[in-house]
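Should a chain be cited, it is by its letter among A, B, C and D, assigned in written order, with residues numbered from 1 in that chain.
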Amino acid sequence: MIFGSGIIRGMFVTLKNFATSYFRKPDEGGLFTVEYPEKRIPLKERFRSFPFLVYDGTPENLRCTACDICARECPPKCIYVVRAADQDGRPLRRPAAFTIDYSVCMNCGMCEEVCPFDSIFMDHEFEIASQDRYRELVYTLTKLLKSNEYFNNIRPRDAQAVDKKRREAEEKKKLAAAQAAKPKLDEPPKPV
Amino acid sequence: MEYLDQLFVFAKRLMLDLLARFLPDWIVLVASMVISIVAILIFAPLTMMYLTLLERKVVGRIQNRIGPNRVGKFGLLQPIADGIKMLTKEDIVPFQADPVLHFLAPVIIVMPALLIFAVIPFGRGMTAVDLNIGILYFIAVSSISTIAIFMASWGSRNKFSLLGGMRTVAQMISYEVPMVLSVVPVILVAETLSTNAIIEAQSAGWFVWTPWGLAGFLIFFLCAVAECNRSPFDIPEAESEIVAGFHTEYSGIKFALFYMAEFISVFAVSALAVTLFLGGWKGPWLPSWLWFLLKAYALIGVMFWFRGTLPRFRVDQLMGLAWKFLLPLALINIFVVGFWYFSPGLWKWVGSLGILGPSFWIFTKLNRSYVPENRVYRLAEDENNETVGA
Amino acid sequence: MDEKTVTVQDTNPMDTETLEVNFGPQHPSTHGVFRMNIVLDGETIVSVKPVMGYLHRNHEQIAENLTYAAVMPYTDRLDYFNSMANNFGYALAVEKLARIEVPERAQYIRVIMAELTRLVNHVSVIGFLLNDLGAFFTPVLYAFREREKILDIFEAISGSRMMCNYFRFGGVKRDVSDADLEQIRKIVQKFPAFLDEFEALLTKNEILCMRCQNVGVLPPDLAVNASITGPVLRASGVNYDIRKVDRYSIYERFSFRIPLGDKGDVYDRYYVRILEMRESVKILEQALKGIRPGEFIHPKSTSFLKLPRNFKPPVGEAYGRVESPKGELGYYLVSDGTPQPWRYHVRSPSLINLTVLEDLCVGHKVADAIIILGSIDIILGELDR
Amino acid sequence: MGAISTNNRVGSAILHGRNCVPTLKDVMAFLETLIKIAVYAVMAVTIVAAIGVVTLHNLFHSALALVGVLLGIAGVYLALQADFLAGIQVLIYVGAVMTLVIYAIMLTQRLGDKNIPQTNRQGFAAAIVTLLLLYLLIGTVCRTPWLANPPARHIPASALDLGQALMTTYVFPFEAISVILIAALIGAIVIAKKEREP
């Protein structure tokens, strides 16, 4: 082997890449740059950025029941939930305040996994940079709420599965309610 | 054709003629100098600016990236944006630095780089000053930049700068020797030190097409790359080892001046290599200055190509390459050119190749520590082993 | 930088002064906030003191205050280049502790992910090593070109490119679709060609050989005594790979070989990684052939994944380890029957491999210290935890 | 190009590289004065730098002043039309010798940092010796029968002549110097070579 042949071989590899960058496709040795703000890589369906809350129909009709499980299980503890109460002080099954500190959130998706009411899911929105982390990155309930249609839009497979599950559960509930209602008529009330 | 070839010469003559109609003689004389100087002062920074862009583009393409493309079409305004950024940046002088040296170093380092342009023959009749010691002038002036690097590294009072400065000087001194010796064959054959006369001596054929010319060209080019501190000889500013070497503590316009000196000397040494070995501005069809620039930019492109491909040497290996490999080869090359000069016909080809080839082989054999070892790797699968060579 | 100089005891007038230089914590090639306190004689290294702890973030203490499941995303951040391998080790430890079965398909998915991670890590480490050697980003960008494709797969499967958080006790978080498997097949098919190109660029390059051969030689006995693991150990010629030794998960089903180095220098560490990637490709091919439809998580574990606080492993201890791309990554867990681990310890290969740094560097040049550090392959997230 | 008439003598003189025609005498005289002023300025700077070499307290600064002196001397050579010698002066002294000197200063870090006293007890004796040397030099300069200025200026001192002189008339001193240099090189290596402890 002549001294220097390895270098020359390496030079030809770079020369080849220089030349192919002008006409090959990205996965065959062409340019693999994506010019970001103008062009984007389509997001994967399972991509997870930050959590958001789903509502059905109108924002008042949100799924969250303020059960606080997500806040307890959140590894970096970035979720803060306050349960709503009526005038008499009895707790309601909805949050009065639901705040997620996005600057603390580590995108692990734990909240999504543990939520028993299919309410919190991971979003696809990742361009949340801002000048003020305290004012802009602490997301309150109004900013967190997004419609089920949006959810269906960004993650169709997951959303459809969730919708199907919820429909089945509702039907079961209806059936159970109907069945529970039926014997009430038939059977005489039990003695207390 | 003739008109295109002498475009810049005619332009200067036209300007002088116009001046001569209204102004006294001595002003015209001074104007003649000023025009040349201004042309160089415009050309040099412009070259530097667009070389930075070219380098980023070429290396980007080598790495399958696009390179700068945001400022202007194809990023053509990028150098201007960089310049504005450099100018507006804060100028930081370290607390314990030697303020005078710290300030003077970037100023002094640009001077030799610009002075070199005086003897570069950009085209037929386009040498600013046709010195009869042109080559010597080039070598002498470019050796001054070592002092400036010293001032920068010592004046910054930073250990990385100091290390970078010491590396620089060791490298510059070492590579100057084979570089000068590789020029000697050309001077012997052309019997002159003037750049223009050397180009004229290549009318019959470029020197690079002879065995001694090729060897001399390769030695000269490698040394030139080392003199400019370019990859793979960029140990004085090895960013992965000593941060930025001698210009670690520079920011803003002072840093830009170091950058400018580097790129201007890249152009200058390429231009000299073209002058000495590649026939200078000689070439068919195209205007002479275009030929010259094309050849020079091709060499610069090779430098960028090196940068995109090769890792860098270590200090001791760098020294070893200069002293144990390039220097003896350059000395033998001087002998070969003598042989070439005095031998007839085919005999000189056989003879010079017969000397150069074996000596190359012998020097690689003598420098065994630089030759890659062959390694054998075992591939273990529980009990039975298998071997594979690398 | 302090201006202290160390004077040599020797009074020979020709002796030069030594110079103490701090490489880092802000230095381009210490791979993060790591500091090397190097004493130099000219360019030759007299002594090296590694200074760690700039990225210490209480990982173990945090984990001891979380539920077992909630530690999983934190393990991603240990060695942020190979989150899948980190997940794997932790999942193994908890499964050992709580005696959870893992279904076959999940095992296959785990192996595929772990080996893809190995490709990602080794290819980038070689790129970064070349950067330390002074190549102007070309190898590292070629490496990243391939890495991006694998990270795309990770994103499609787990939802995140680097912080995958994909493994669960008793399986994996989600199933892998056939389309994703097809994509992986395509990548695995093309990978050897890329490796050939990469080798053409590097392996025989004279400058690389000059710089790397016989630099930072780690003798096998020192390597064993310092409990070095991973490619660094194997480059010294010691046949020790947890995949073969422990035969965890389903590694005994695949036929693959362990590349062993010749001299234990930087070049061997580089080339052993290349050979290991080729073996990984073999494992991936076999795994992709062998994977069958089935459960991706044990049905029993789904219940406690919904309610992590109800997951209380029996009192006891367990040590789960995997051959992470950097070496033996082990998790030691002690359970006291509560939802939180009583003790959680990580045996991080980066930290333990780094202990021989001074032995490798002394007597070499400054430039060598940088590439020795690069060839050991540290990740500060794991080193400082 | 015929359209542009070269009716101007200066222009044509410059363009065609011919020596200036007599009518340009005034111009040339003016330029000569300029050059003279420049040469005297260079000489003055050289002397200032030379004083700096011996008075500056920082060794590194002194070395840089010495660089200035050597460059100034190169300038004087240029003014005397010894181009080749000027080039060699810059190449050897500035490019090589001074670089090595500064390198040595930088290697011995304490020397570079400290302010070193520039006087010692032998100042008086040194002054006497210097004055004697000065007397000797002035005496030699006065006694030498210098050629008259105009012909002296046209003594060709090209590289060719220098080379021929070195290879013929002065070949013995030339070779002797190279032997001395080799001896110095070997001596330096012997001194600097470290004793290897067993």
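One rule holds for everything that comes next: a residue touches a chain if its C-beta (ideal position, glycine included) is under 8 Å from a C-beta of that chain, and two chains touch if they have at least 3 such contacts.
Remember, predicted model here, so these are calculated numbers, not experimental data.
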item: Most remote chain, CA-based centroid, reference being chain B; value: A
item: A-C or B-C, whichever has more C-beta pairs in contact; value: B-C
item: Chain centre separation in whole Å, for chain D relative to chain B (CA means); value: 27
item: Rounded Å distance, chain B centre to chain C centre (Cα mean); value: 42
item: Inter-centroid spacing, chain D versus chain A (mean Cα positions, whole Å); value: 78
item: Multi-partner residues of chain B (each touching 2 or more other chains); value: 62-65, 162, 166, 308-310, 370-372
item: Per-residue overlap in chain C, given as positions that touch at least 2 other chains; value: 19, 42, 138, 142, 145, 201, 203-209
item: Chain A: positions in contact with at least two other chains; value: 3, 6-7, 10, 13-14, 17, 32
item: Residue ranges of chain B touching chain D (in the complex, touch as defined); value: 3, 10, 13-14, 16-17, 20-21, 25-26, 28-29, 32, 101, 131-133, 136-137, 139-141, 143-144, 146-147, 150-151, 153-154, 162, 165-166, 169-170, 172-173, 176, 193
item: Residues of chain B defined as touching chain A within the complex; value: 58, 61-66, 69, 305-306, 308-310, 360, 364, 370-372
item: Residue ranges of chain A touching chain C (in the complex, touch as defined); value: 1, 3-7, 9-10, 12-14, 17, 27, 32, 41, 44-48, 72-75, 106-110, 113-114, 116, 122
item: Chain C - residues contacting chain B, complex; value: 1, 19, 21, 27-29, 40, 42-43, 130-138, 141-142, 145, 201, 203-211, 213-214, 237, 239, 244, 255-263, 267-268, 271-272, 275, 279, 365-368, 370
item: Residue ranges of chain D touching chain B (in the complex, touch as defined); value: 1, 4-11, 14-15, 24, 26-27, 30-31, 60-61, 64, 67, 71, 83-84, 87-91, 94-96, 98-100, 102-103, 106-107, 112, 158-159
